[in-house]
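What follows is a set of structures for review.
In the two assemblies presented below, chain A is common to both, partnered first by chain B and then by chain C.
So, the complex of A and B:
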């Protein structure tokens, strides 16, 4: 596994000025339930942003809005300055947003390698003609895809399992493969939905290093959702706290920890610790 | 006397394999479309019929067999992808549900059969002596096997190999497997499901078109209702194997072809269609997920 060896403060300094994602008064309702209610924030290139909040606070719904699963009822989303709200998920992915899921959604009957290769091949520009006649172009691109796919698997420690059916991987391995598959779409923004769920303390520390390393090495921004407060606070220089679909607090971990609103909404029962 | 029986069995085996491999070609279209949008496409038999017409007309126009097949394949692919675009896609966009799509498929089937019927002189076209496959026979010792059956079997197998190659090695084929596994996730990974669904219909229609021409060459004629029975039989084949799976649909086709021929050998040739449907009923009672289905482990 890869180590980033970088502190939170250093991460904070790494951010560029380039505004990657911007949301304005984003809202979506399901029946009478305001799942996301007037959310506005922006995200800088090379930033790791954490989103926390109690169950049902609208965290995953926010991800579904960013990735195009839902179109917002009102409000706007800009990615690299262009409006993306209401676009279909595949088009949003082409613009450069990729995600993972809270409950893992791999192509479970395909091999580990194919899970990665499919999303890369989809971007290759050879046609049926090249394939049938086994042209130079086809072979070169296929070799390149295979090389890159193996590279991804190596980063995530899955290289030796490349021909195993994805559903037969362990839970942790499936979570890593899902991140690898998202990265294979060459995103500029990676959305991680509970990347540390189901992990023990040591694994969580490894996950923190891996996520930092991904941000630095792929030169991308990351937004992540998690329930585990220490995990988010050790990883994200900036955190957004959601409750009932609204942003109730935003800032560095130090500020979030002391914010009485947050303690009331989220840390309530843990505030003695 | 024994020799005659063996000869009869071998001849029927060849018949069964030829019929079965043609069923398998059609069944692949059913199973793929079901795998990707969970629709039993009852208009599939009509894609088979349209392909047969295109191929037969090409032959009647004086084109050689190797040009008639691409004509049948292209016609099958175009009609299949066209029907998807005009009839099924608008329903999908409105989330109309599976029943609406199923009834539409039946409607399209009846519509296409009758459109051909309304064209004067089109309801039955014979090939006569223009049939390029002729009445060749292969003689192996004391066994005679009709040439057409051998061709049907060989061409079907070649087409299935090409098909498997496309599904496993082209990017559209792989994207098809991804969409079939999980359409929403495939979309979030940048794959456009609409394009892949069109591709799936075109591929299924192409195979049906080729199978249509093979049937037409065997029967030496085409008719507007010719797609009905093979279409239903291929549907049975797909269900027998386990609908949604490609290798199982092929196996289901071969099994059904052999079963039907067995019925003929046993002297029930007038009941061979009934045989297929009774077989379907038995399978649905005993193994509703197909003969090859294994007990699914439920994860808790």
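So, the complex of A and C:
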């Protein structure tokens, strides 16, 4: 459905040199556990960056730091040159970072349309007077939100399902709706937490094209987490490998594949094998 | 059945509708389990009673100024209650589910005990406008007209809010707070807002109740246990549906009033609540309306379409 028709190398060349996100020595501990430990990297505009690592490596915690669910214990995060660490999640979203969740978190008892409509709230600025008395301003802004929401649903092929309760969508549709919802907040950076989880090989192929297509069409950067090595390697020109909260390797897929540190983290040391 | 009895039932139903609709905004729509709604009801009642006595003592009430002064008192009592709403919305930002329920329950009981210990509000005996005014009734009172004016205002305000971005923000908090916040919705602001609007309306219900015919604010009327029927009403109607809240309020009020006619059961309302809840859980666990509003029903849509068709012709 979504054909980006673009190779990994071409993706690599697309990157501008504008630095969108930068982290410096980011750390957070839970009790004695160092979930994220001194992570520093930066992200360029129009880049798809993959983060991989074994279970419990701190990938989702890293996302939670970016999206403001946690404030870092030490270290700093800059987005478009401005510090965002410690901001509330809704303020971070206003700055232009949107995310999806590992275990889909839709507004599951509401309709598909309402799921998108809710996050369009930043487009309306009418007050109580306007909504109580059904003024011109209220109607215009509400119509605009409705039109835009339908447009989003159309892009993601969910238009005919706009009336359906979100929890009754199929798993794949729910994942797509969650991405659509995140994009409806008009982010500059999209964080995808396991976008290919629970999918078969064919669906994963489709997901790769969809993500590339989103990057090109919305002109944004994407960071994604996944366990599936081939999925990430086919999608991301640059990959970060986390283990025990630390970056153990960073670079293009070719380099990651051969890195002995990465092999050790995934397969264990030779003496144990 | 005498006319007075009918009038009383209608009045009580109206007050219950305001309470149920406003509690539904907090519990059903925004998804915060609040058990302290009668605290707002009580504050509105006491504040209204106290203000009524004060304006009478000042001697500014006569046949002409009575109505506007009473309207002012109703609004001020609502504002007094929403001040308490602001206080309780503080913990709501940090507590969820059962914990918030316990905090709001405690808030309600604390408030009741404070009022019982304030001598200028009559202490545990309650605050009687009659005796404060030297056994004379106040020059204004609430009645069916006043009560249903505020019923209409409550329903109108809440239905309009629910058709706006603000209303959808409330819903998103109920559905998934973490996702809502990650999608740029100021969860804290809208939780506070839900409490402010809900407590304001409950406060107005309080004055209307006290000023109906008793002219007497009794701390025993405003405990959390007394508030349980309102919770039952919105559950019966279907949590989250304003139409359901209205239906639940009317049904339960009628039922309880009719049961009063049957000797033996009339002093066991809790038994009736429990039975009603069990029956409801079996027959229709999502309540009468199952989160739908009147305007969502197929038949209403059809009628609307037909009416607009006739108008076009």
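Assume the second predicted complex is superposed on the first by the 264 of 273 C-alpha atoms of A that agree within 3 Å, B and C clash if a C-alpha of one lies under 4 Å from a C-alpha of the other, contacts with A are read in each partner's own complex, and residues count from 1 in each chain.
Note that in this section a residue touches a chain if its C-beta (ideal position, glycine included) is under 8 Å from a C-beta of that chain, and two chains touch if they have at least 3 such contacts.
In this text the structure is predicted, and so the values were computed from the model without any measurement.
Overlap between chain B and chain C is detected when the two structures are superposed via chain A. When the two complexes are overlaid on their common chain A, residue A:107 makes contact with chain B and with chain C alike.
Of the two partner chains placed around the shared chain by superposition, chain B and chain C are both touched by A:93.
After overlaying the two complexes on the shared chain, residue contacts for A:185 are found with chain B and with chain C alike. In the superposition on chain A, A:238 contacts neither chain B nor chain C. Contacts of A:85 after superposition on the shared chain: neither chain B nor chain C is touched.
Common to the chain B and chain C contact sets on chain A are residues 67-69, 88-90, 93-94, 98-99, 101, 105-110, 114, 117-119, 121-122, 124, 126, 131, 181-182, 185. Looking at the complex, you find that chain A touches chain B at residues 67-69, 88-90, 93-94, 98-99, 101, 105-110, 114, 117-119, 121-124, 126, 128, 131, 181-182, 185.
Of all the residues in chain C, the ones that touch chain A in their complex are 156-157, 160-161, 163-166, 168-169, 171-172, 175-176, 178-187, 291. By the touch criterion stated above, chain A contacts chain C in their complex at residues 67-69, 88-90, 93-94, 98-99, 101, 105-110, 114, 117-122, 124, 126, 131-132, 134, 138, 142, 145, 181-182, 185.
Chain contact summary for the complex, chain B toward chain A: residues 166, 169-172, 174-175, 177-178, 181-182, 184-193.
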